[in-house]
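Input: a single structure, listed below in structure tokens.
Order of writing sets the chain letters: A, B, C and D. Residues in each chain are counted from 1.
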Amino acid sequence: MAEFMSLRDAIAANLKDGDSVAMEGFTHLIPYAAGHEVIRQGQKDLTLIRMTPDIIYDQIVGMGQAKKLVFSWAGNPGVGSLHRVREEIEAGRLAIEEHSHAAMANAFEAGAANLPFAVFRGYKGVDLPKVNSNIRSVTCPYTGEVLATVPAVRPDVAIIHALKADREGNVMLEGIVGVQKEAVLAAKRSVVTVEEIVDDFGPRSANAVILPAWTVTAIVKVPGGAHPSYAQGYYKRDNAFYIAWDKIARDKAVFLKWMEDNVLSSGPESFAAHARRFAVAAE
Amino acid sequence: MAEFMSLRDAIAANLKDGDSVAMEGFTHLIPYAAGHEVIRQGQKDLTLIRMTPDIIYDQIVGMGQAKKLVFSWAGNPGVGSLHRVREEIEAGRLAIEEHSHAAMANAFEAGAANLPFAVFRGYKGVDLPKVNSNIRSVTCPYTGEVLATVPAVRPDVAIIHALKADREGNVMLEGIVGVQKEAVLAAKRSVVTVEEIVDDFGPRSANAVILPAWTVTAIVKVPGGAHPSYAQGYYKRDNAFYIAWDKIARDKAVFLKWMEDNVLSSGPESFAAHARRFAVAAE
Amino acid sequence: MSDYQPNEIMTIAAARLLTNEDVCFVGIGAPSAACNLARLTHAPKITLIYESGTLSTRPTVLPLSIGDGELCDTALTTVSVPEMFRYWLQGGRITTGFLGGAQIDRFANLNTTVVGPYDAPKVRLPGGGGAPEIAIHCGQIFIIMAMGQRAFMDKLPFITSLGHGTGKGSREALGVKTRGPTQLITDLCIFEPDAETSELTVTSIHPGVTRDQIQANCGWPVKFAAEVKETRAPDATELSVLRDLHARTKAAHAA
Amino acid sequence: MSDYQPNEIMTIAAARLLTNEDVCFVGIGAPSAACNLARLTHAPKITLIYESGTLSTRPTVLPLSIGDGELCDTALTTVSVPEMFRYWLQGGRITTGFLGGAQIDRFANLNTTVVGPYDAPKVRLPGGGGAPEIAIHCGQIFIIMAMGQRAFMDKLPFITSLGHGTGKGSREALGVKTRGPTQLITDLCIFEPDAETSELTVTSIHPGVTRDQIQANCGWPVKFAAEVKETRAPDATELSVLRDLHARTKAAHAA
């Protein structure tokens, strides 16, 4: 049953050295504030799972907290490389398990469904199965077709950012919902940061995307907690920051200085300013 | 691309003798008006697919149009038997392929996903696999666990009732959405009856359940078309009719007379009266 | 307070077993009545899920079917049926599932499929619906059934959903990790599986019911626990809340 | 009208290939520009889908990422990412997919994974993302890439997504039923797979570009079709709409 906590307590209680963790959010609602708390607490030897590692994993990898990255597309979308991730992989210091998006999406779905693996039609005529022994196959018992398989993703911890929680601890997402619901349902424990806590969600679609309180471990209110990603209806994506990150991350020393100034000596309250700056209402 | 048609033309153009057809709707939005048109047109040798056959299939089966029923629960919910279906099965005149709900739901999902089969954890310690050779298994290539499989449902035609279509032919559902979206996406062709056609769906959840125009074959406006089932926000379930059906269907002659009076000599326009009678606003 | 019907004490006894912490996968009929009675009395925070996709629903009248609009109107949210069976039931998120059936055996296996041979049925029943997977994926199962010789069978013609199989260890041997049926609540008494054998054993007898009556309505030799309690009679609140619920429901369904 | 950049004619030539009937799976960058240019000019009813889950989206500025809020705000609806890959891409509902890559070979196989050995990369690229399955599930694939010796490779170090494999019949042998890459639109010319061999063959050369220039920017001996057309130069409308789109986009992303 969801417990309302401080960000510090929520991360400390749920993420341990050596854990596998999925911080999800497909461009939208990436849990930056929670990721920064992970950086401040310094959990080590993490297996980081994410379809699109994005800047948040560039930061965690750059800080030396990850031993392995499970992913399907590791870039700064529309900009270029994730320089910290790329350098660690090229140097052989970061183990990787690489999939396609279809495989990862299916793997999260299978995890949420409590299945050990997912079946899909994919990976035809390509080289990834030659270098990833977790890409296997099953034969359809009806047609004989050979289909690709991927192990279910079952992280120790899922960390996501959502729009709202109500007082009972139910969590609502809207817009581009990615694989966040699946990540939470697939994980043993979950930390959800939200823009706001409301008495009641009020009038809504009968089919609203909601994680009931009893599927969530910890809820933390962090307005702006997705910046430089965005929260639909609250604030816009800080595309300029994504572009600027390229220069920051390219040089390790510049990167470390930026992390010191903006993450290590900061706290979740700093995200509220981002939310105000990019507020949808301010357009 | 969705075409707006009359109910007669839509059924005639899309449903042929010998077709497999899924008329879906999990209690909510059952396509009765379209089903009655199928009865008036008299297509024969149909394979009827539906998780919960409900009265609509009791009627089609009772009229002798079905050769096979694929289902997971064949009853009049909360009332008792579907007498026409039961009599035909007991007499050995109707072939059946029987599954569990989990299997059928997965089979529709696999059909929508263009897969030949679905994998799930089920059918443990029960007798259905002994009498249904389409219940098979695969072994997880990672854990060695043996899981149940079911062939994907890929009907020739899906027939559903939805709330609204817009002028472009996009279709919106809301509330208990069952497996209708999957049925349409799994089928070769689809006929969708709707309560109303609107210029634009207007403000809605970013994640509204919508079938885009290019996934639908024919759209027909039939207000009340789900009666005695219901349409969320339009009219309520006619529970009294479900209770009354038990007596009508118990005797074949009474059944045939009822069908003559209420279906064969009627048309889709008669459904509008039901919608008015059970209108939500009329409460 | 003895002014109650056997099916009322059955429903009330079932309701008493439920708590605020339960997440219930609710079937139509007695389970729905029991769950909503619990919600309207001692367990206001109980979470009710119907297989039509409604999560955390709070109906004011009982649904006639598994998918009445009332369930959706009062739900936290409603998911598709494939999602219901994949993420929620198979996902292991349900603590307590309810089952009933046409027939049951001493190990709480249930038949809702057929009487007589499958290919030449004497009586064709509705079939399994959600039961085969409810029986294995919920943390535990409560079964609610009125007793009778044609229902409580020495041997089932067909096993639709798994109880304790052929006895202790059957579930484990099939790789099933959940507890299975832990309570069978009838109109005469409550059975629980014996700790050693998993055979259904009477642990509580409703007021005024005799052991002979129970045996007379059961197709196998009934086992009684070493200590058999008397079921507490329904109290005034339980009865009035249940009867109000049924009255509201009847009025709504006849409308 | 010769006042245009090579990347402009590349985008415009790609846009011209699209029609109102197309359902496009759109990638970021040139594909997104081409698809939205088509939508804002001759194909207003074209259906655009981004892998973030947005169905039938109509952005007024180009997204920087695959999941900008603009895409969701202007979409018919937005589905989850598992649904996108299962029901929509694998479901076979996309007529035209767009791909680009760091490297391509003469059979339109693409590499976006790695330069050098996989386990000891010289350059680690972002990886496949949606490409491996886009390449096999869309009805056809348009590839948009600027030419160059380091991009148009005689032999790829790694195949991330399937084009025509080792030539005609490769896709069929793998059980793939879609057409694969039918157009490769570059900054210098347009290639199409040869009907006999599936090797990429120049079928249209952009105005002012020479065959030598094309060969100089390609790592394999370029084949030219028997009849090679000259690509029509961008017209004033195409250029102004494209430039307006880019200007709006740049302003929005810098904000």
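Definition applied: a contact is a pair of C-beta atoms (placed from the backbone, for glycine too) under 8 Å apart; a residue touches a chain by one contact, two chains touch by 3 or more.
Only a predicted model underlies this, so the values are computations on that prediction, with no experimental measurement involved.
Trainee: State which chains count as neighbours of subunit A and simultaneously of subunit C.
Mentor: Expected: B.
Trainee: Pick out whichever of the two, B-D or A-D, is joined by more C-beta pairs in contact.
Mentor: A-D
Trainee: Rounded to the nearest whole Å, what is the centre-to-centre distance of subunit B and subunit D, using the mean of the C-alpha atoms as each centre?
Mentor: 40
Trainee: Counting in whole Å, what is the centre-to-centre distance of subunit A and subunit D, each centre being its mean C-alpha position?
Mentor: The computed centroid separation for subunit A versus subunit D comes out at 28 Å.
Trainee: With centres defined as the mean C-alpha position, give me the subunit C-subunit D separation in Å.
Mentor: Measuring from centre to centre gives 57 Å for this pair.
Trainee: Pull out every residue in subunit D that's touching 2 or more other chains.
Mentor: Counting only residues that touch two or more other chains, subunit D contributes 72-73, 78, 86, 90.
Trainee: Touching two or more other chains, which residues of subunit B qualify?
Mentor: Each of 109, 113-115, 120-121, 145, 175, 177, 181-182, 204, 206-209, 232 in subunit B touches at least two other chains.
Trainee: Looking only at which chains touch which, which shape fits best: line, ring, star, complete or other?
Mentor: Contact pattern: none of line, ring, star or complete.
Trainee: Please give all chain pairs that are in touch with each other.
Mentor: A-B, A-C, A-D, B-C, B-D
Trainee: Under the definition above, what is the set of subunit A residues touching subunit C in their complex?
Mentor: 1, 109, 112-115, 170, 181-182, 185, 204, 206-210, 212, 214-215
Trainee: Sort out for me which residues of subunit A touch subunit D in the complex.
Mentor: Residue list for subunit A touching subunit D: 26-28, 51-52, 71-75, 77-79, 81-82, 86, 89-90, 92, 98, 100-102, 105-106, 108-109, 120-128, 131, 145-146, 175-179, 181-182, 230, 232, 236-237, 239-240, 242-243.
Trainee: In their shared complex, at which residues does subunit C touch subunit B?
Mentor: 28-29, 51-54, 63-69, 71-73, 78, 80-82, 84-86, 89-90, 109, 113, 118-124, 126-133, 136-137, 158-162, 165, 170-171, 174-176, 252-255
Trainee: In the complex of these two chains, what residues of subunit C are touching subunit A?
Mentor: That would be residues 21, 23, 47, 55-56, 72-73, 75-79, 86-87, 90-93 of subunit C.
Trainee: Which bits of subunit A are touching subunit B when the two form their complex?
Mentor: Interface residues on subunit A, with respect to subunit B: 113-117, 119-121, 134, 136-143, 145, 147, 149, 151, 174-175, 177, 204-209, 232.
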